[in-house]
Every structure is written in C-alpha cells, then in structure tokens.
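Note that the chains take the letters A, B, C, D and E in the order they are written out, and that residue 1 is the start of every chain.
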Amino acid sequence: ADQVKVGVFPVSSSLPYFVAKERGYFADEGIETEAATLIGGPALLGGLISGQIDVAANLVTIEGMNGNILKPGVATYIAVNGQNAEWQMEQFVVGADHPAKSIADLKGAKILSAPGPANLAMAKAVLAANGLKEGDYQLDQVDMGQHVGALQAGTFDAGYTLEPAGMISVNLGATRLLEAGIISTYVLGDSSANTFAAGAALSGEFIEERPDVAERFAKAWARAVDDIQNDTESVRKHLIENTFTSAEIAPVIPMVNYQMVSDLSDDDLGNFQKFIDFAHQEGILKETVDVKGFLKEY
Amino acid sequence: MKIGTKFYPLFGVLGLVVVWYLGVLSEIVDPILLPSPGQTLAAIYNGMVGGELLFDFLRTIERTAYSILIASVIAIPLGIFLGSSENLYRSVEFVVDFFRSTPASALFPLFLVIFGVGDQTKILVASFGAALVILFNVAYGVMNARETRLLAAKVMGASRFRVLTDVMLMESMPQTFVGLRNGVSLALVIVIVAEMFIGSVDGLGYRVINAQMLFQMPDMYAAIFVSGALGYGFNLLFLTLEKRFVHWSGK
Amino acid sequence: MKIGTKFYPLFGVLGLVVVWYLGVLSEIVDPILLPSPGQTLAAIYNGMVGGELLFDFLRTIERTAYSILIASVIAIPLGIFLGSSENLYRSVEFVVDFFRSTPASALFPLFLVIFGVGDQTKILVASFGAALVILFNVAYGVMNARETRLLAAKVMGASRFRVLTDVMLMESMPQTFVGLRNGVSLALVIVIVAEMFIGSVDGLGYRVINAQMLFQMPDMYAAIFVSGALGYGFNLLFLTLEKRFVHWSGK
Amino acid sequence: MQVKPIEQRDADYLMDDAHVTIRGLSKKFGDVVIYDNFDFDIPRNKITTVFGPNGCGKSTIINMIADLMPRDAGEILINGKPVRETRIGYVFQNYREALFPWLRAIDNIRYPLQFLNLSKAEQKQRVDKLVEYFGVKIDLNRYPYQMSGGQQQLVSIMRSLVVEPEVLFLDEPFSALDYEMTLMMRDQLQKVFMETKTTMVLVSHDLEEAIYLADWVLLLSRHPAQVADFVNFDLPRPRHADSVIDPHFVEVKASCLETFQREVRKG
Amino acid sequence: MQVKPIEQRDADYLMDDAHVTIRGLSKKFGDVVIYDNFDFDIPRNKITTVFGPNGCGKSTIINMIADLMPRDAGEILINGKPVRETRIGYVFQNYREALFPWLRAIDNIRYPLQFLNLSKAEQKQRVDKLVEYFGVKIDLNRYPYQMSGGQQQLVSIMRSLVVEPEVLFLDEPFSALDYEMTLMMRDQLQKVFMETKTTMVLVSHDLEEAIYLADWVLLLSRHPAQVADFVNFDLPRPRHADSVIDPHFVEVKASCLETFQREVRKG
C-alpha cells in the first residue's frame, strides 16, 4: 500500500480522518496512513514544510495561508470546515451570574481568549463590531486547556472560546452562551455564511510527486465527509478514542460543517476569501493571498 | 538515628493531606476545581489498576528511560573527553551554559524541525536537556579528579590513556551520578511537557492535558501525583544505584 | 590563567555558528524553518533596539525577578527554621522532594485554580518551583553548619537564638546561593513556559509562541536566544553576588 | 617511675588549691564507657597538658568541663561554681572551622565581648591590651582565610583570651600547623601564660609538646579513661628550643614514654 | 657543628656510590627561585631523610626526581639512567587521596604490577611475599575507606614496594596519622628497610622522626633551597622508642635544631 504520513491535531475538527481510517476508506484506496499527533498549527505547518508529513488533517486556514506565503502550495486544502451560528465552534460565553445579555454588555469585563494572534484578532474584531473599543475590556489569551477551569473559578467574566470548552463550561453551569458563529456574523456580515477557519491540507510536494495517491487520499476523505454529513450520529463514536472527548460529551458535542473543496459554492469561496483578506487587514497575514490558488478539487 | 525517624516523612504527608482537606472542606476553592484527597486517590487507584493511567505511566517511563540512556551514551564520554582538557572545556563551556539556561520547551520548535514529528522528538529534546546537565557534571568531575591519584597512577607507570580510564573515569563517577540524577529529573519534566504540548496519544503529560480538556479534575490530579511519584522514584533509583556503584563516594 | 583563556569561550561560540551556517547552507533543514545566524542576529537587533522584543525581555525579567523575590522571602526563613531541627526537616523532606520531582508545568492547573489566570499565577508557579529548590538548599546549608563554629559561639556565651542568627544563617549562605542560582534558572524556565502556554500578552515565552504561530522563524529564534542569554545572565548575576556577599565561600 | 595503684595515687592529683574539680564523672557513648566515676583536679594558675592514645577521651573530658557536651553523671565545678557561671575560653584544633570567616580577624576577636557587660571603650581597651600582649604585627583587618594557619590560630587564641577567662581549654591547638608555626605558637602561648597566669588545659598528641608546655602532664589510658600518671615538670620558664635536650626534660619524657608504652598503648 | 661554605661541603654530599645524582638542578615558580643550580647525591641502600622549613622545596625536589614535575634545568639520574627507565616507588602524604577507593586494598597493591611484564603467578608471589614481610594481619579484601588511616598508609606503602622499586620516595608519609599509628608505622618501615635495603628518601616535618629513621639527614634552607647540613646518624638498627633518649640521638638532634634555628628559620 502507499504510505501517507498524516499530522493529526486530536480535536473534533479532525473527525474525517478518524472516520476514513477506522471505516477502512483509506485501505480501500490502497493507502496506509501513519499518524503523528501534533498539537497546534505551527507543528503541523512545520511538518508540511519540512516534508515530515504529507497531510495535515486539520490545519487552521490562516496558518496554512501563512505557510503558502512563505512557500507557495505547501498547504493546499482539499477540504475545509465551515463554522457559523448553526455549526458552532467559536463563541462568546459569559459567567452564569454575569448580567450581560449580549456581547455589547461586556464593557469593563475581563475576557479570556483562545490563544494565538488569529483568535485574539477575531475576538477584538467581534468586540469592536459590538461597539466595544480597546480599553473597554481586558482581553487575555489563555491556553485552551485552561478555559473551563478559568471560567469555573470565575477568574474571567467572559470568554471567547472554542468547542468543546464552551459546551463543557455551559454544561457545568459555570457559563451561559452569549453568541456563537460570531465570525460569520460580525466579520463576514452574515450569520449563516460559512467561516472556513480550518481544513485538511496536503503538501504541494505530495500532490506533485504522487498525484495519484493524493487523489485516492482525497477520495477516501470525501467518503468520510459524506458519512459525517449524512449520518452525524453514527460517526460521533470515532471522537471518543481519538480526541480530547469523553463518552459523555461525544453524543452532544457540536459539529462543524465539513465540506470537500469540490462542493464549495461561489458564495463559500467568496466568504473564504473575505475571511483571509480580513486576516491580512488585521496584520496576521503579511500579504493577502488568493485562496483559490491553494484549494484543490478532486 | 532511632527507628522513629523512619516515620517522620509520614508527618509531612499527613500535614499535606490535612491542608488539602481543609482547603476542600472550607470551599476556599470550588470543589469542582479541587477534588478531595479521597477522590484523587480513588482516581489514582482506578487508573493504575487496569485503567489507562498505568499505560500512560509506563509510556512516560519508557520515554524518559530512552532519553536518559541516549543522554548518558553521548554526554558521559564527551564529558570525559572535554573534562580531560581544561582549555577544551573552557571553549565549550559558554555554549553548554547557554543552552542549559535556555528553557527546553523553547527548543521544541527547533527540534521538531530537525528531528521530525514522531515520538523521537520528545525523547530527543529530553535527551538534549539531560545531556547538557550530565555533560557539565561529568566534565567537572573529571576536571576535579584528585591530582594525587593521577600522580600516583603516573608514578606507577600508567600511560596517559590508562590514567584516563583507570583514574579520571572513576574519579568522575560521584559527580556523574549527580548529573544523572539532575538529568533524569529534567528529562522527565521535558517529556511530560512535550506530551502535554507537542502532542501525543499517551503518557502522563497527555493524560494531564486530556483530563484538563475534559475537565475531569480527579483524573487530572491523579496524573499529576503519579508524575510527582515517578520523579521521586527516578531520583530514588539513581540514589540507590549510586550507593551501589559508587560505594566509595563521600567516604 | 593566561589572558588567552579569556577568549576560549569564543571558540565554542564560533563552532556553534559554523555548525549552524553549515546546517543552513546544506539545506538539511528547510531555510524557512531554520533561518541563518545572520537573519536571527538581525531579528535580535531589530527586536531589542526599539522593537517589541525588548519589552517582552523586560517583562520576563520582571516576572522572574518577582518570583525569585517571593521564593526567597518565603524559602530562606523557612529553610533556616526547618534546617535548625533535623527531625523537623525529615518530616517535610518527602513532601518537598515530591513536589520538587513534580514537573512544575503539571502544576499549572492547580495554581490556576488557586490563584487564577492573571500574571500572578505565572509568578507564583515559578515562585513555588524556585522556593522548593531554595528551601532544600538553605535547610541543608543550615544542617551542615560546621559543628565547631556552633560550639565556638556557644562557648563564647551566645544564646540559642544568637547561634542561629550569627552562625547558622551565615553558614548556610554559600548553600543558599547555590539554591538561588538553581532557583532563578528554574523560575525563568517556568515563567517562559507559563508565558508560552498559560496565556499572556507579553514576555519572551509569548514572543516565542506568537512568532511560532505567525511562522516568523527569525523572530522565534531571536526570542529563544534572548531567553538563553537571560538565563545565562541571571546565573552570572548570582555568581557575582555570591562572590561579593559570600566572599569566604570555598576558602 | 612506677605507676601506683589508683587508690594510692589519689593524693597526687586531688589537690587543695584545685581550680577545676571533677568528681564521679561518667560518660558513655552507646555501650562504650569512656569515663566511669572519674575524679580529677586541675591545678590553678598552671598549664596542665593532657596526653593519651587516640580516642581515650581527651576531647571528651575538656568538652564536658566546658559544657559543650552533656555528661551522664558526676559533678564538675570551676572555682566551686558550675561552668555556666564562669567565663571560659576554648581553642579548637581546627581553627579553620572555629573562626567566623565572614568576620574580619579583629571582629572575630571582638565577638565574645558583646556577651559581657562592657562599654565600647572598655571593649576597645581589652582588645588593644591583648594585641599589645601578643605584639601582633599582622593586619587584623583581614579575613581569616586571608591569613596563614598560624595567624588564624593566633586570632583564635586571642578571641578566647579577650574575655579574660578563668580557665582556657586548648584541644590540640597546634596540630594543624606546620613545624615552624608550631614552634612559634608554643612560645607565644607560653608568653601569654607567663603574663596572665591563666589556668590552662591543653590537649596534645605530641609528647614533646605536652611536656615542653606543661607544669603538669596528665597521662590518660583508655576504656574507660584512667589517670595513668600525673607528672610534674618544673623546668623554669621561659623554656626554649634547647629545653628539649635538658636532662630533666629527657628524663620526664623517658618516663612518660615508658608509661605510655606500658600502660596506655596496650589499652 | 659549624656549617661550612658550600664549596668545602661538596665532598660531604657528593659521593662515589650515589644512587641518585642531581646536577645543576634549577626550578622556578613564577618569579620565585626554588632551586638554583643545585647539586646533590643520594646514597645507595640508605634512608635519607629531608628536613626543612615549610615551602623550602622538599616536595618539589622529590617530585622532580620522580618525574612528577618538570624541571627548568639540570640533570637527574637514578643509577646513571633517566627516571623513566627506572622503577620507583612513591608514598604520598595524603593516603586518602592517593589510594584508589574503588579498588579493594589487595587490588590497590596489585595495581602497579600490571605495568610490569609478570605472569599471574609471579604477580601473586610478589604480593604474597610482601604481605608476609609486613606480617599483615588486616583484611586486605576491604576497601580503603573501611580501614584506619594507618592501615591505609600501610597499603599505600605496600603498593609502592610491590614493584620492588630501586628508590622509594616518601613525602611526609606519617604526618596525617595519629601518634600511636605513627610510632607503629615508623617501625614497620624500618623493618622493611632492614629486609630489603631499598634506597629511601623520606621527607618529614618532624625532626625527631627525621633523625629516628635516617642514615643521613638532609637539612634544607630556603630561597633558593640549599644544603644547610647533611648529617650522618649511624645508631644501629633496629632503633626503638628508647633510641630518642640515646645520647648520640640527643646530640644529633641538638645539632640539627641549632642549624635549623640559625640557618633555616631566618630564610
């Protein structure tokens, strides 16, 4: 079988990989995958650039595009994950006892943010869109592992957090959800628009040197995405063993909108480009990039 | 020392447990955030007897053992070599000290780049950290070899090489063990941090971060305490080895 | 020592730079991932002269300084107190050793729970780690105070308390400095790891992780090297202080 | 000189004008009996030297007299009073570990004065007088580790004398010094004794030194320690290098050596 | 005994049957001249003891003879050959730092034999013979740190003798031992000498010891080191405790002391 090295960030966004692997879709295509668990985009991107992995199962798109600026094509997406008010991922939560009813009420609050410059920029943009200027609030980035504890302990009044931390803290009764899908709403200007914040990326080298393997890989991936779209409940069990997800939350954890690049609509592409342009405008990307150049349809 | 002194450590442990219970009972910290000693103990027991914690524990031991092995194999001969010439050691001392002062976790990115994304990176970062500590101690041990013993060997007709193997090597042993003990502590810390932050599917660091992500506090504290015990155990192991193999040390 | 020996460290540094250049030139690692020494130096210069790196550097110094201050204020008196009675020290020794063996990064969650997520947590975890190291050294220093000096003070008419302040305290000083040096290294490492992983908006750890996220490799290596230099500098500072204040040590 | 049975010898070393009286002293370490119901008197205004095999209990006894070590039974009085109420001086063998290296020599010498009720002026006067006694030419503003061994031991002796002790104990004070230093320091000590007449108890493992400095030589045997002999040596002071070939010296030395070989080494 | 000018004394200490010949030896440490064009002969099959003030260069000269320290100029021959071609033995003052604590006593003694071309049987025989010489009653399977100081130094001496050295150097071999041990070890050494007649050079800072053991006593003065006297002491062996009160001993000692006070201490 053809060997493919996949870098995996063990969160729910990597679900298609686990589905394809465990349901034998890769094997059906004559592919044997070797997984390396890597936490965070830098490690994944570093793996792609140095050729230590062929695929990043779940690479944040801003980080991928950053890589493409440095080395064009190094992160070429074959599938992306949409998130918005329906497909919840990023969200603002507030302490259960806090009076705030909307993001606009967070004036003077101590807010935690998911880590990294991109998350910070998004949080600030959302706050700004709700009329809060810098200085109206205090925003600290905090490692994802600490979000629930920090919210539970009341160290922060509110948080710009991601799943599953958001859901866990709400379930514990520590927080209430204020609003989810906020990038779509406030950055893209449409709460139902897809924000493609992450996706599965292949290295340019892989695509060029073993085009047929890459194609078969994408095919297996597409089958997994298909399963997820059509039978969300049966795929959830794949989260338990493979990601930071317990058996209790697996059935209820919110999903993102897994899409193959070939299935993206023009609107989707437009929103994707808008998201990336916004990142450039915020200084997270040194230059802007044409996202279409780094998408590959199979 | 009377027999009673053997039990002194128990007082300390007891004190710790009491403080912990008081912390829990007084609800100074939210009971969801800080489980009671009993819950934690139960989590340790369940985890270690047939649970996943035992597996993670063994994985971390395995990684740490490999790191210290690699570190020793590289650092001990190198340390002897460098230590046998003071000028040579002075040349590299700054670089060694510099890297010793660099938080090993800051070196993760560099090592990921050089050694790739596999398990070997965690082991190699830990080896690197441990090797510097061992190197430095071995070199000092060799440099501080008793002049008299070196002269004694020389006057008895030992060649330069024999002086190195028969005397310097043995002389550096006590200090080498100091290095090994510090090295293994450091290696363990780095392995756990790597398991926490570079990514892993097992090991105590993974267990801590996993329990944290899932907000299973008893499990998290169980993993933390097992890490502490492991560190203590490694230290004890090397102390025992030292007593056995460097029986003359300190006498 | 001849004047020449002053320059030996330069050979080591030179060697490092040469190896680095060779690594870059041979393209063993992708040039995007490993910038050249020149680029890194430029990033250090730009960052330190008017750039943000200087600010982060100062923030890390500030946090480390606070930690070591807090650690000293707690651990030195406590160490003297515990060291002055061997039984007392034996009681807490296990707990101290246990926590010394626990990777400080595994304790982040506990400290976050107790002290919250602010700057104080980073400082306090670092203090905790450093305090254990200092405590342990001070206690040993006191316990190993030369019997003869204690007897000399006693025979001259010093009370138990005066023996403690006049002799034990002074006797423990050399070992206390060993503790301070190890403590400040550890505190720096913990502060940087905390800045990297528990969230922060400044500091060298933040700069490393930020540069890493943005994939600005020269900036990342600049921050890493500045961390190493800082560690080296702290060590040097305490060595200098030691030479000044414990002038009698080792004589 | 024949060693008499214990009972008959009593009169020799229990004297009327004793400065230190030891009665019924017992001391064990674990199961080893070091002293068992030991009686002894230390003469006033004399130098008594103690000579005996290693581990016989020389340090133990002066430590018990100086109250640095608890005794199991018995009574020790200095001038009829318990030690606590007396000013004593003690010079340790290991001056390196006895002086305070963080204090300058002069501050080391001054240190014990703070425990007496003396005005600053009196303190200064005491120190000045002492420095004069010794004709000290060394720079007392240096730290101990900046001085030679002999200079350090001199500072140590000055520190013990500055409180004007009733009794001065010296435990092998010169054995860590080299030959020349030892010769010089013996003479310094003798000079101080001649000027102050302080009662001194000096332990030595060098028989020649023990006799050279002594008015009385106490020879101890061991397990438990007993008085093997208590020898008077009355060669007039000051004694000097040639004294060791004086016939009286040679005779006393021969007698002591004989006792040592016969009574003491066998122990 | 008057010290003669250097030129006239030559005949006394440059001899026909010299075992070690030193000619034109010079040695400086930095600016300090320790030896300047120094000539000396060490007699064959005799014990020569070296006595002199601290730092005069006693250790330096035996280290140079034993090739443990480079010399600046001059020639040193043992039996007409350079040191490298000779088997020598060396006993250090600090036996604790000279023995290998990781080897049992017996292995310490055996250690130098591996550098000779001997069969296992010959090696064993050598060691056995030596053990017999010394009438060793101690358990040689122990590690050095499990032995008393005297026993350790005994092992150290046996280690140096096992190669049957042409010349044995001893640098203050007993000064770290206590009085009893020292007495015993002196007699052991004397016994070995009487049986083997090995040429020995022994440095001592104890004049009594230096004379007691010596056939010849070399008195050194300093800056740079010069022969202050070279004294023959021919009291028949074995000497014993009483020898130190023998008139000949007392006379030689007085003469040496005088020389020491006059010539040497002034340095």
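The definition used in the following text is that a residue touches a chain if its C-beta (ideal position, glycine included) is under 8 Å from a C-beta of that chain, and two chains touch if they have at least 3 such contacts.
Chains and their UniProt names: B, C = Putative aliphatic sulfonates transport permease protein SsuC; D, E = Aliphatic sulfonates import ATP-binding protein SsuB.
As the structure is a computational prediction, the values presented were derived from the model and not from experiment.
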Partner chains shared by subunit B and subunit E (touch criterion as defined above): none
Set of chains whose contacts include both subunit E and subunit A: B
Remotest chain, subunit E as reference, centres from CA atoms: A
Intercentroid distance (Cα basis), subunit E paired with subunit D, Å: 34
Where subunit C and subunit E are represented by their mean Cα positions, the distance between them in whole Å: 52
Separation of mean Cα positions, subunit C and subunit A [Å, integer]: 37
Centroid spacing, where centroids are CA-atom means, of subunit B and subunit C in whole angstrom: 17
Residue list for subunit A, restricted to those that touch at least two other chains: 40, 42, 46, 50, 145-146, 149, 153
Numbers and ranges of subunit C residues touching at least 2 other chains: 29-30, 33, 109, 113, 197, 212
Sequence positions of subunit D contacting 2 or more other chains: none
Full enumeration of touching chain pairs: A-B, A-C, B-C, B-E, C-D, D-E
Subunit A-touching residues of subunit C, taken from the complex the two chains share: 29-30, 32-33, 108-109, 112-113, 116-118, 197-201, 209-210, 212-215
Contacting residues of subunit B [partner subunit E, same complex]: 146-149, 151-152, 154-158, 166-167, 170, 173, 246-248, 251
Complex interface listing, subunit D residues touching subunit C: 66-68, 87-90, 92, 94, 97-102, 111-112, 115-116, 143-145, 159, 163
Complex interface listing, subunit D residues touching subunit E: 53-54, 178-181, 205-208, 241-242, 244-245, 250, 253-254, 257, 261, 265
Residues of subunit B defined as touching subunit C within the complex: 5, 8-9, 11-13, 15-16, 29-30, 33-34, 87, 90-107, 109-110, 113-114, 185, 188-189, 192-193, 196-197, 204-205, 208, 212, 220-221, 223-225, 227-232, 234-235
